[in-house]
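Order of writing sets the chain letters: A, B, C and D. Residues in each chain are counted from 1.
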Amino acid sequence: MARLLLRRAIHGALIIWLVATATFFLLHLAPGDPIAASLDSPLTPPVVRTHYRHEYGLDQPLSVQYGRWLVMMAHGDFGFSFPHRRPVSSVIASALPNTLLLMGVALLLSFVAGIALGLIQARHRGRPLDWGLGLGSLFFYSMPDFWLALMLLFLFAFVWHVFPVTGMFDPVMYPYYGFWQRVGDRLWHLVLPACTLALLSAAAIARFQRAALLDVAGEDFVLTARAKGVSERGVWLHHVLRNALLPVITLFGLALPVLLGGSVFVEKVFSWPGMGLLTVEAIGTRDYPLLCAAVVIASVLVIGGSFVADALYAVVDPRVRLE
Amino acid sequence: MHPLVWIAAAVLTTLACGAIARAGDGDSGSPWRIALTRLRDNHAAFAALCVIVALLIVAALAPWLAPYSPIAQPDIVRLKNLPPSLAHPFGTDFASRDVFSRALYGARVSLSVALLAIVVSASVGTAYGAIAGYVGGRIDTLMMRLIDAGLSVPRILLLIAVLALWAPVPLPVLVLLLGLTGWFGVSRVVRAQVLSLRERDMVVAARALGASDREILWRHILPNVLSPVIVSITLGIANVLIVEAGLSYLGVGVRPPSASWGNMILDGADEIASLWWISTFPGLAIVVTVMAFNLLGDGLRDALDPRQVDG
Amino acid sequence: MTSTPAASAPLLSIRDLSTWFHTGGRSVARAVDGVSFDVMPHETVGLVGESGCGKSVTSLSILRLIERPGRIEPGSRIDFEGRDLLSLDDRAIRAIRGNRISMIFQEPMTSLNPVFTVGDQIAEVARVHSTASRREAWERAVDMLQQVGVPAPADRAREYPHQLSGGLRQRAMIAMALMMHPALLIADEPTTALDVTIQAQILELLAELQTRVGMSILLITHDLGVIAESATRVLVMYAGQIVEEAPVRTLFDAAHHPYTEGLLSAMPRLGDRRERLTVIPGTVPSPTQWPAGCRFHDRCAYAWDRCRTDAPPLYQIGAGHVSRCHLAAEPARRRAPAFAAAAPAS
Amino acid sequence: MRHLPFSRFVLMRTPLVASSLLPLLAAIACQPGDHARTAGDQYGGTMVIAVSGDADALVPPITVNSTSFEVDGLVFENLARPGATLDPIGDQGWTGELADSWTWGKDSLTIAFHVDTTARWHDGIPVRASDVKFTLQLYKNPKTASFVAPLLANIDSVSTPDSSTAVFWFKKRYPGQFYDAAYQMRILPRHVLAGTDPAQLQSSPFSRHPIGSGPYRFVSWMPRQSIELAADSSYHRGRARIQRLIWSVAPEYNASVVRLMSGDADFLEFVNPPDIPRVGHAPNVKLVPYPSMAYGYLLFNERDPNDPSKPNALFSDRTLRRALTMAIDRRRVTRSVFDSLGAVAYGPYTHTLPYFDSTVAELPFSPDSARRLLDSLGWHVGADGIRSKNGRALRFSMLVPTSSAVRMQTAVLLQAMFHDVGVQADVESADIGTVRQRNEGRQFETVIEAMQSDGNPSSILQSWGIDAAKAKDGGNAGSYENPRFDALVDTAVAQFDPKRARAYYFRAYGMLNEDAPAIWLWEPLTVAAVQKRIHPVDMRADEWFANISQWYIPSDERIARDQIRLAEVQR
């Protein structure tokens, strides 16, 4: 088991290195650089740009830059973000938790909602409720995430004025709130972005969960359970769901990259100060060190996510656990 | 794409629909015939197919159907930003262009980008998966590791980065990029299928009879891989449509003045509160189209599944 | 219609049971089509037939385990211990399932839930049907495993199904079924998936338990060898109907229905695991389109005009022996031996 | 010239809609009774400023970012501040800020500023002349790499005869002397920064927590979310009336509008024209138009994009440029993009500034003349409706930054007008970094530029002079070279009499219209949206926030967030 873990860790590290290197060259070979992108006023004296290019080694040959960067990464130093005028690690430290919060809540919401929906649909298989819910989740599943975000923003924030439209908390009052008020304020700000993200993946999970449940519902042991006199509720919640959760756990690993991609749009529309927005802005400003770090972190998340999913699978499925 | 290509596509799909509608009862006959019958009996999938055909026809006939030119700016001061009316069912945008006409032409751009991109990913994915599955062993492992690496990068981030950094990217390159980042799933499906087929009797027999690897791949394995690939393609089109819309929404996909549904949403995104129609209608068009392809994909999966038994 | 000589009241009495599957469109699959029979207390009744003849659907109908689009048609009647099972509400029928009537199935691997321990699944029966606490239920489960001959039952109970051998799994299934000392055990192909030696052990175990618990068994199988060993009375099913009923000895000595004849002449030795008896020419017809007249006529070596048009009734042949064949009326048409040439050479 | 942040304008969003908006504005702008109250109860309150981007480093010499520019403008002080006309010549209309008085040297090569002795840094230390001297050294230090340094080239040094007098020594006499000395630099605290390596300024703690001498002191900064300032009660020019200022960051413009209308934000610097009716009808919001110094134009590259040593095959031809200019209905474009909130640009200098020439001879809009001119140059219309000459089609690309919806929209409008006269112009959009880089490298055919002019007319040589064309990545990206133009500006710069300077400048502007190195398109009128409880809201074109310390919130109009007490602010 330990050897297996080690092997997976090495594979993961290799993949991350591959991805990071590809990103590095992709960025540095592209036209433009962070200095030109940040000092964008035509009135900026050229000497200033030259100065900063030299300071950040952007005037060095690419191979030298790559070598330096590798050494820095090996020491856990992500470099300095010129547009933010801060070390990349500090920029990311202020953004990553926000994204993790958003994704965590969205993940939880989407799995709970998706599994519940799938269960309702499967229990009412072939009836109008199943049909309606199926069409409904397909509708959301087929929606571009940014458009859903825009529409929710339009309806809830512009037309009905129900939820706040930007940020993670009220910038003015937050410092003066008590603990519970703060929690409430944060949750209030979380509703729209988390629901947007959750709706999209919940729709996918519901579709998947329904199929998995129906697969399991046809198994012999379900008939056994019924023949034992177990109630319908017990059959579905105990016997069927427990088995049908296994394939859904693998979705956990697959959902992460989807959520990461979705968070780019959702964070943009709702001005959520997380990694997705940071990355999009960093592309605009050609913030190489920040972008490289963001890509590395994204792939760590994705690889880590699938790792966790596998581990979870092993915990839940006795057949895998004991072999 | 050339309008003739569009018309051809629409005609072919219509013929396919006709064939499906005329197909006899599927209790007997070839697997394809059974699949067609099943598809016809699946009302939702069949409706979706009709929607897709209609969309293809609309896209093909856009120049004749659209009331205005998609790029004409009849009066940039007085006719801009009009709300929906009889003359302009979807309203007009900032340059006094008719949103309805642009949505029709947008169907062309969005659909052709999606279709062509999926052709790229399906061919690359099938080839890659077939080779990996057929060769097996260490090469297969290595090839699958590469897929893992590819899948660990969020696709949308990668595309945004490439497209923004190397802007402006011409449309064919955009299509290529969309295709080349979307084949991992297909190749996994194909590989799994090939792995299981490799040991089947007919392949073993063909090998015993001295057939070459290429012949076996071509004659025995690929035809059997076709149905999962068809399903992947249909669902893939839905996915590519969304990805392209997202990129265009960020301003790095299809560039103006060409109308794609995504960049039409961008046109109105900042003014969603004042000029809701500019973003809403193209968004609905995407939802309907993507839904149709998803429904059709689901239907095809059920129809082509040999395990599925009637009743 | 049936002719049970015993004086006591039947434990289970089925009359005109029809279970049809409405698969959409115009076609209706009449999987079980007017079946009637009785099961007496302490009796073992065998139900035989090829796959697709309606055996399993009959057994599932008894416990009302038929799911949509299947439906037990109005006019059917199933009386058990004096109660009409078809008129019970959901709660009441659940109280009977696994309690007064239990079932065991062909494939013990897939019939056990892979994510729960064996003991847990056996104990669940007690938890559902009694007020036993978790612990009591568990202890009874271990005790039951011991009774069905599982060695080291306390350890086995903590294991998952995939960790047990096929024989032990089936024993676990039996333990689960007998947990509440049912009056009737429906055993649907209980030995088909097992090795020959294990098959014998399981049949022995069932016989032993039957005497100990004092229950009736409805034994469903396609294997006449199993019937010969265990059953006292045999029902032969074909195309959704009972075509012959007889005491086991009568059936083996003097089968009347050509279909039974075919089954007997193709009878595999104990342990032959062939799914389908291939020696009768043709296959079971589709339940959506039963043939007119006698449903067996197109596979029957004796069939004549009448068989193609008139559906035969159940003819009384002897004591407790009925057959659904016009030969009962025109015995002269039987030319022997109908299937000898087709019998396997070995 | 003065360095101004540029990104605000770059990010300006899609304008659209509506008929005449000016009445709406006029009605709201003249709020009576703004000054009717006494000042006694006017201290206090909170103003939330909605901005689209976070600050970078809060150190004036190196910041390029508009939010930083605003925050720094209130934390730090200049020596003096200009009057409303922003006249860069001489010291007419200027008032003291950190300096309370100044005297010119006899030869006009020195100016002695007397630093207000009551001025204190926010940590309590008095401001001294030595801080001024230190500031100049820091700005000019090459290791600082300040954008402002080149603008200080004519200042030789600062001497400090006593602790409150800072004497600026100039290398030569010139009209902009006072402007450069008093307004280019924000004075920094020597006692805090003396130990900091100028090259490390951006990563110093100071850049995250600045200490200045201005009306507001720094309180807190939550990266990418908000920055908070509080009125400094001991400010030497009198405590600012609004107690707290909070910059709240939301990259989406939409969100800022909604927050303003719902009352969550108090101030939005720029409202898109299409939103003006909606925002204007919100009961709690007033719209305040104020002059802007931005203008947009389509710049022709007179050099070959592939080889800058060669002239451009198309745009080196003055007649062709003139013809293309005449093909564009600039009034219509402006009206479409900005409705009534924009004016046609006449050159690289806006209406609001003192050296604007409203009589300049612009090229007329005349598609017919354009066609005639193109015909006469040998560009004839082909079968596809596009002109060509010797097999080369009259076709070029217009480079536009994706982030600027205004310019994207302009490009689409221009495209259709060019097409009318048989010219094919392709829109080529790229992100702002790429656009800038290609400008530097002269790798474009035409580009739609938007500029923020400063008050100083002499700076046009930075964008249109020969030196700026020849220098590698100099500011004259289009490589317009006309020695007569350079001579006219040089002469104008040397004039100490504003009237005579004006005459020369006007002739130079005329040349920029005659030669058509660019198609001058539009200058937008900026409209800010402010909560009605904030008074009196007067804004200056270069720094909207210049007078913010005089704004107030009457006590009877305060809302919940205005009630937070001072003690709590100093948590």
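The working rule: contacts are C-beta pairs under 8 Å (C-beta built on N, C-alpha and C of every residue); 3 or more make two chains touch, one makes a residue touch a chain.
These numbers come from a predicted model, not from an experiment.
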**OP:** Could you work out which chain's C-alpha centre is the most distant one from the centre of chain D?
**Re:** C
Original post:
In terms of Cα-based centroids, which chain occupies the most central position?
Top reply: A
**OP:** Please give the pair of chains with the highest number of C-beta contact pairs.
**Re:** A-D
Original post:
Taking each chain's centre as its mean C-alpha position, how far apart are chain B and chain D in Å?
Top reply: 47
Original post:
Could you state the distance in Å from the CA-based centre of chain A to that of chain B?
Top reply: 24
Subject >> Between chain C and chain B, distance of the C-alpha-averaged centres to the nearest whole Å >> reply: 51
**OP:** Determine the centre-to-centre distance between chain C and chain D, using the mean Cα coordinates as centres, and give it in whole Å.
**Re:** 91
Original post:
When you check chain A against every other chain, which residues touch at least two of them?
Top reply: 31-32, 153, 158, 283-284, 286
**OP:** Pull out every residue in chain D that's touching 2 or more other chains.
**Re:** 254, 258, 403, 431, 434
**OP:** Two or more other chains in contact with one residue: find those residues in chain C.
**Re:** none
Original post:
Taking the complex as given, what residues does chain A use to touch chain C?
Top reply: 126, 219-221, 223-232, 234, 239, 242-243, 246, 316-319, 322
**OP:** Within their complex, state which residues of chain C touch chain A.
**Re:** 60, 63, 65, 68, 90, 94-99, 102-103, 105, 107, 110-116, 124-125, 128-129, 160, 162-163, 173, 176
Subject >> Touching residues (chain side chain A, partner chain D) in the complex >> reply: 31-34, 36-49, 51-52, 55, 80, 83-87, 91, 94-95, 153, 157-158, 161, 164-168, 170-173, 175-176, 268-271, 273, 277-278, 281, 283-286
Original post:
Which of the residues in chain A end up touching chain B in this complex?
Top reply: 11, 14-16, 18-19, 23, 26-27, 30-32, 135, 138-139, 141-147, 150-151, 153-154, 158, 257, 260-261, 264-265, 279-280, 283-284, 286, 291, 294-295, 298-299, 302-303, 306
Original post:
Can you list the residues on chain D that touch chain B in the complex?
Top reply: 13-14, 16-17, 253-254, 257-258, 272, 274-275, 277-278, 332-333, 335-336, 402-403, 405, 408-409, 412-413, 415-416, 427-431, 434
